[in-house]
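Let me begin by presenting the structure, written as structure tokens, before commenting on it.
Naming follows writing order (A, B, C and D), and every chain is counted from residue 1.
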Amino acid sequence: MRTDINLGVNCAGIKMKNPVTTASGTFGFGEEYAHYLDLSSLGALVVKGTTLHPRKGNPPPRIIETPCGILNAIGLQNPGVDIVVDEILPRLQQFSIPVIVNISGDTPDDYGLVAKKLDQSYAACIEVNVSCPNVRKGGMQFGSDPAAAAEVTRVVKANTNLPVIVKLSPNVTDMVRVAQSVAEAGADGLAMINTLLGMKIDIHTMRPVLGNTMGGLSGPAVKPIAVRAVWQVFKETNLPIIGMGGITCADDALEFIMAGATAVAVGTANFINPRATVDIIEGIEQFLVKNGYSDVNQLIGKAHQ
Amino acid sequence: MKLMTAAKVTNRKHIMPGYNLLRVHAPDIAHSSQPGQFLHVLCSDTLDPLLRRPISIHTVDKDRGTVSLLYRVAGRGTAMLSDYEQLNIMGPLGNGFTLPPANSKVLVVAGGIGIAPLYFLLQKLSENGSVADVFLGASSAGHLLRIKDINELGHSVQVATDDGSSGYHGRVTDICSPDFISGLDMVYTCGPRPMMRALAKIIKKHNVPGQFSLEERMGCGVGACLACACKTRTGHPEEFTYSHVCVDGPVFSASEVVWE
Amino acid sequence: MRTDINLGVNCAGIKMKNPVTTASGTFGFGEEYAHYLDLSSLGALVVKGTTLHPRKGNPPPRIIETPCGILNAIGLQNPGVDIVVDEILPRLQQFSIPVIVNISGDTPDDYGLVAKKLDQSYAACIEVNVSCPNVRKGGMQFGSDPAAAAEVTRVVKANTNLPVIVKLSPNVTDMVRVAQSVAEAGADGLAMINTLLGMKIDIHTMRPVLGNTMGGLSGPAVKPIAVRAVWQVFKETNLPIIGMGGITCADDALEFIMAGATAVAVGTANFINPRATVDIIEGIEQFLVKNGYSDVNQLIGKAHQ
Amino acid sequence: MKLMTAAKVTNRKHIMPGYNLLRVHAPDIAHSSQPGQFLHVLCSDTLDPLLRRPISIHTVDKDRGTVSLLYRVAGRGTAMLSDYEQLNIMGPLGNGFTLPPANSKVLVVAGGIGIAPLYFLLQKLSENGSVADVFLGASSAGHLLRIKDINELGHSVQVATDDGSSGYHGRVTDICSPDFISGLDMVYTCGPRPMMRALAKIIKKHNVPGQFSLEERMGCGVGACLACACKTRTGHPEEFTYSHVCVDGPVFSASEVVWE
């Protein structure tokens, strides 16, 4: 860490000491990876999608590899918000980094109740998942309709004083419209992209591979789609963006930042390299030094100039 | 202790058509591994194939600081494993087998490549002076692995093949006679799910406990992605939950698993 | 070729001697690949997107590699329908296979005029591209609105007696709705998927790589999305589907067929293996033999059973 | 004749840091190749990286049936090229250089790795008894390739480097004096676009024709995808069209190209 280089960013009111965080659902509650890296070196920690009540998740298989990507259909398995607030978040306090809790629900009211519980917790921010393709009710349903996404945003905002980031689905005709709609509804920031709806058939069993038939595509395969989404939304809204989708290295992260992301999240790449986040932080710093920049903020949206 | 390390490959051997043995230098892992634990192995230095592959620890040599992996070339990932001078590995991961008290009557049942983690267990058993009965099942003689080495450890081996090309002609579970099973203190097993399901039924009937090593497709290998779900019982007889093979297993108590 | 195995399919009224064709724009007018394979062995030939007037296409770079995929922004460079009808199609007659002409336009009337000209040509079928992400007017605009897609379909149908296949865009919230809408408008078949909108930024120049900024993502990376699209649309419509998106080998092709495709098209893979189409035809036959099937039609939609 | 073939690699050599020479056995290609043509080479046996890479034919040996490629390790694809025993290649592709009439005054200008296709041309020239002036430009001495071999073919070499580490200190186009250029019958070149643009301007001024080998990102390599577009003139002075480097080129007449 060089003192003459600023890596810090302010994303939706959260002070991050560097622009790198984790993609919800790919990094557990952080502790699972504590053997492999110093969690306190992350810009922020985004934890697993949390719901009002505990959820079992989908039947296996829940994951399958695809070319340069994976399909997952976890189905939001989680212990429920009470355990998150009472047991998990207090433990995460030791790492002294902003913890962003990703939330989901079947109805806007569900979201509101979860938000209310988090309001009094150690969470620094709420990430509203209106884009999960792996659950029957809610999830992507909200995210694919600008009005429904706005409604969920409003309810969450009404129930918390924490900054609210809305996580957008790429499975829509016009992400910009959804982004604008949640911006008007009071979102403090945007996270994009969630996974793309996909599936795989096993030609030997002649059946879909995933227990849930369809799943969400993530990993390097989707990176061009994610960069495009960030580029488009950056152009048409003023909200800070956490960019993600296929980031594996510092060069990928810089691509998102230049497209307009204030921060980036690392997802699938954690499975391949558990130190991907910290390697990326280092790589961004090296890029700044090598190219004569002193502040990562100088690069945000740079490709639009 | 869990590690990610680039381990030097010190030996590779084709032990049978389609089966390789790979030895890597990883002293920390060699010293801390328990039978039943696994490594999460990077197979490619490009983005295709993308994910790591879980491979059991087959045996360790603490003096030399090496760990051996025995694997079947199942697809693209395992086909690449023997290409490298160095192997990027994470581990040791998961919960392994619990060793039985001294003088226990123990059966070890391996289906095909299922012998991979069980051989390490058999080594520990013989270090403890225990002698186990070992049943090996496979589709045909060409998939029966390590018989000689198991005998050398002092255990007795019986064999069953689907095509009768070696030993009993039929399933390995067919040679589990009720008399024999009911006299056991513990059954250890790893193999194809149908085999393990049948075996679980048999030992349940005779009230014999079992430690079963399960497989499921994995993402992270460390409990973060919740991909490797396996249906297990909760306190309530009507209920179930999804446990995770990478952290709750891969070794589960037979009675804990919902075998469907 | 075994005589006891039927590879022939009837797709939207076109008799194909096997279910393998080429994806428009990836195989030129066929002749470019005539050195590498016997064109007459293909089930059908889908040629480059054709417009009323010649088009120059987009400025370079027009292509860039992404993880397991490519982005292209060709911009429909083509000699115009008159040259296609007068010079190119007559030359293709020698191969005695159905030739499907992919058409685009700025307005529904453009499509109609092109269709009318093709009606009297050697073309066996018209594939209506309402989904090109690489042109400013028309293209994807039509494909992302069910009503507009239906309108184009109606105009084309009114101007030709040839079977009409509509090629759908994956860049929409609900492909099924667009499919149903063009089905009602009289489409004889569907082709899916066209490319996904994506982009790449060169972090050294700090600018988008493609001359046209954004481009269309194709190749193995998109396969899970394409299989899902075929699966969903097969379930909800009765039209035959030409499935495509990332097919590189017979196993991929079979996945699409089991998801519900009557035929498959090979695109990006031609660039890597110019013999991909014929290798796939052979592989499908081998799969049938090995698994005790005598007719490829037995596998269409098999994964739904 | 165009082919796709898995050609055996018969020799590989690191000729300078970052530059490799690869020889493959491909008799049909060796016999039918012209200087300026290229091969479309598969770099990976997985899906990442996906596309083939165009590499010029550097020299052929008809007797041995071999083709040599000289390449700079530019990125991931070229970094993999020397890993294989066999190389899957398509070719020969594109339109090469047209040889000049006997006794023509010829200049050959190569920028860095641009010498790759030009060396084959220089061989043909000396086979025809022509002697060329060869100007080599590079960023520094470490990127000047094949000087000795070109001298051995009987051509005279002048050198320019951006950092002055060898020959003239400056751009290779700076050593193109008006007197010298105006006396030429033909200029052949391959190199970075800015260099070629500058050279095109110079020779236009003196009405000297040029054959320029261009680069553009490629998909198919055979004219099917229309990716490798290059702006060229039509009959009308105000108009332009997009030609395709893989089939209309890679060698274009300098006056045909719109240099922007």
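We adopt the following convention: a contact is a pair of C-beta atoms (placed from the backbone, for glycine too) under 8 Å apart; a residue touches a chain by one contact, two chains touch by 3 or more.
In this text the structure is predicted, and so the values were computed from the model without any measurement.
Any chain that touches subunit B and also touches subunit C is listed here: A, D. Comparing the chain pairs A-D and A-B, the larger number of C-beta pairs in contact belongs to A-B. In this assembly, the C-alpha centroid of subunit B lies 56 Å from the C-alpha centroid of subunit D. Between subunit A and subunit D, the centres computed from C-alpha atoms are 47 Å apart.
Centroids built from CA atoms put subunit B at 36 Å from subunit A. Inter-chain spacing, taken between the CA centroids of subunit A and subunit C, is 34 Å.
The set of subunit C residues that touch two or more partner chains comprises 67-69, 219-220. Multi-chain contact residues of subunit D (touching two or more other chains) are listed as 47-49. Because contacts link each chain to all the remaining chains, their graph is best described as complete.
If you check the complex, the residues on subunit B that touch subunit D are 44, 46-49, 76.
By the touch rule above, subunit A contacts subunit C in their complex via residues 66-69, 71, 144, 171-174, 196-201, 203, 206-208, 214-215, 217, 219-225, 227-228, 231, 246, 251, 254-255, 258-259, 287, 299, 302-303, 305. If you check the complex, the residues on subunit A that touch subunit D are 67-68. Across the complex, subunit D is touched by residues 25-28, 32-33, 35-36, 48, 56-65, 67-70, 72, 74, 77, 219-220, 248, 268, 270-275 of subunit C. Remark: subunit D residues 1-4, 42, 47-52, 90, 216-231, 240-242, 247 touch subunit C in the complex.
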